[in-house]
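Handing you this structure, nothing more for now.
Think of it as A, B and C in the order they're written, each chain with its own count starting at 1.
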Amino acid sequence: MSLVNLHQVHKYYGDHHVLKGIDLDIKAGEVVSIIGKSGSGKSTLLRCINGLEQYQQGGITVDGKEVTTDDIQMRRLALSVGMIFQNFNLFPHMTVGENVMLAPTIVLKKSKAEAEATARAMLEKVGLAEKFDSFPEKLSGGQQQRVAIARALAMSPKVLLCDEITSALDPELVGEVLKVLEQLAKEGITLVLVTHEMNFARDVGSRVVFMHQGKVWEQGDSKTLLSNPQTDELKQFIGAVL
Amino acid sequence: MLYFSDLLQYSDVFLSGLKTTVELTVLTTILGVALGTVCATVRQYGNRASQRVVSVYVELIRNTPFIVQLFFIFFGLPALGMMLSPWQASMIALTINLGAYSAEIIRAGLASISKGQMEAAKVLGLNFRQTLTRVIFIPAFEKIYPALTSQCIIVMLGSAVISQISVQDLTYAANLVQSRNFRAFESYFVTALMYLGLSILLRFAFNALGKRLFAYRTAN
Amino acid sequence: MIEFSNYDILRNLLFATQWTILLSLAAFIGGTTVALTLTALRLTRNPTIQRIVKVYVELFQGTPLLMQMFLCFFGLSMLGYEISAWGAAILSLTFFTSAFLVEIWRGCIDTLPKGQWEASRCLGLSFLQTLRFIILPQAIRVATAPTVGFSVQVIKGTALASVIGFVELTKVGTMLNNATFEPFKIFTLVALIYFVLCYPLSLYSKHLEKKFNVSR
């Protein structure tokens, strides 16, 4: 049974046709890496899956429910879809702990004690238990991104969307974030990542989706696809990034 | 009932008031910004004593009402032997007022230019004046241009007060007309619209000027 | 003619200062209330409402405060609504203050990164929850310094109420001037009193701004 399903999704920014009929089916437990040049529509695709962007044609379902940008629908969606951003988007006026506890308390209506226990457990998981009372600005980029992951995990999502989450990091900080992702993948969490980390896509990912000019150009098992690309465009892309 | 048509016979009065307001605005904008530029430069690059003097001037003006500044200049200075016509007093008051505000704004612009620009110019052998006029001023003004032009419009609107020392500006015209035909609402309403038109027009003019001044942005 | 000693002059001016302070407070409270309402309306993202707020701001920022006072005072009473100088002054200063505060606050809310809204949405927060827990706490921190700074403009704005005959600091100044013919002394004192009222607020605003910039 598919967890995320896209059927003939079309998206326009004004006259600009960004997504040209996307079909994609993601099962629970998969780790799907979406790769492609900038402007190929991969981030837009991710943002359509969690309702941040409206699409004009086709259909998207997550866990069997249709995705719209409607506010109430969005709140229901947030219970099954977690999102990590390139720029972390932590709330700067709250401590790390408060960042993680916010949504469980006010959206899931958990008690403070329960939310705090979850928050501590999640921060432990990303290796930042001792930063509970720090403010985000005191953390490195890698640490901030790990807090963002903990914040998303605290909502126990069914699928975690990652939008180029290592792109804004200094090279030496990329590893610590990928390690957390790898751990999550091992635990069986469904991950959909837009990424430039080809090694990660090959070694940790189960499937790679190559997007080109607003279409799913080629997709398949990650190891096979990356070592044996079929289309010229993917060959060219792999040649350019490796 | 409102009778806007009653105002038509006074169009000459309004037009001559408008002319005075526009003239004073153009003149004091130029003089005020010039004064502000000098003060900002002194405050940013001058020695400690001159910085102090400028600070006191800027803070005194920014923390007192324009109408009091105007009364001080028009009524107070003659007591010291400086006779001024209402028009002269208004021009001085407006210039001094805009000078203080623009000094503060322009100084922020100067402060935003990185030290490297100064050093690069020095290494190339430009003297201080050349560095300022050729290297620093244009990008500094570009940064604060919106704030500076908004301030000029605020000062133009504030000039309505000079009617109180009987300069025959637009507000004076409105007062005159309403005292003759007793149609206060219509008279002030139409005058308010004229001021609104003037501020919109000024903004357009400033934008057009800005495009020319900072043309290097769009040039290839 | 009555003789005024320096003591008399100062006493009268200080007495009038109370009215300046009271008018400033009333205008600031009125202006803040209206500005809060308009800011809330603007945040609903309804295009019609946004356009109305924009016109409101344009109208009161684009015309002289003095003209707004004349319209409120002479204009309204001509139309049959009797209004005192005090009422007209508060009314027009409220328009003036709110128009500027709405614009200042809009800038503060707009400086917050779009990502704050998006992250909140993705966590399932509703629009109002996002405002209350994420946007407002941050916007208030940014807005405090310019709002305190603007209160100086409000105090100075109250001086125009003298023109429609409201007896506050500037009005008493002109009255004393007419009685004593000592304009230099009197307007220096009047200016100094305004300065004493305004300068601490200016300093405090600058201090807040610095503190905020450091904490970023």
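Simple rule for what comes next: a residue touches a chain if its C-beta (ideal position, glycine included) is under 8 Å from a C-beta of that chain, and two chains touch if they have at least 3 such contacts.
By chain, with names taken from UniProt: A = Amino acid ABC transporter ATP-binding protein (PAAT family); B = Amino acid ABC transporter membrane protein 1 (PAAT family); C = Amino acid ABC transporter membrane protein 2 (PAAT family).
Every value quoted in this text rests on a predicted model; they were computed, and no experiment measured them.
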Furthest chain, CA centroid comparison against chain A: B
Identity of the most central chain, Cα criterion: C
Chain centre separation (chain B, chain C; CA means) in Å: 21
Centre-of-Cα separation between chain C and chain A, whole angstrom: 46
Separation of mean Cα positions, chain B and chain A [Å, integer]: 53
Residue ranges of chain B in contact with chain C within the complex: 59-60, 62-69, 71-72, 75-80, 153, 157-161, 163-164, 171, 174-175, 178, 182-185, 188-189, 191-193, 195-196, 199-200
List of chain A residues in touch with chain C within their complex: 50-52, 71, 74-79, 81-83, 85, 87, 89-93, 102-103, 106-107, 137, 151-152, 155
Chain A-touching residues of chain C, taken from the complex the two chains share: 113, 115-116, 118-119, 121-127, 129, 133-134, 137-138, 141, 216
Chain B partner contacts - residues on chain C that touch it in the complex: 58-59, 61-68, 70-71, 74-79, 152, 155-160, 162-163, 170, 173-174, 177, 182-184, 186-188, 190-191, 194-195, 198-199, 202
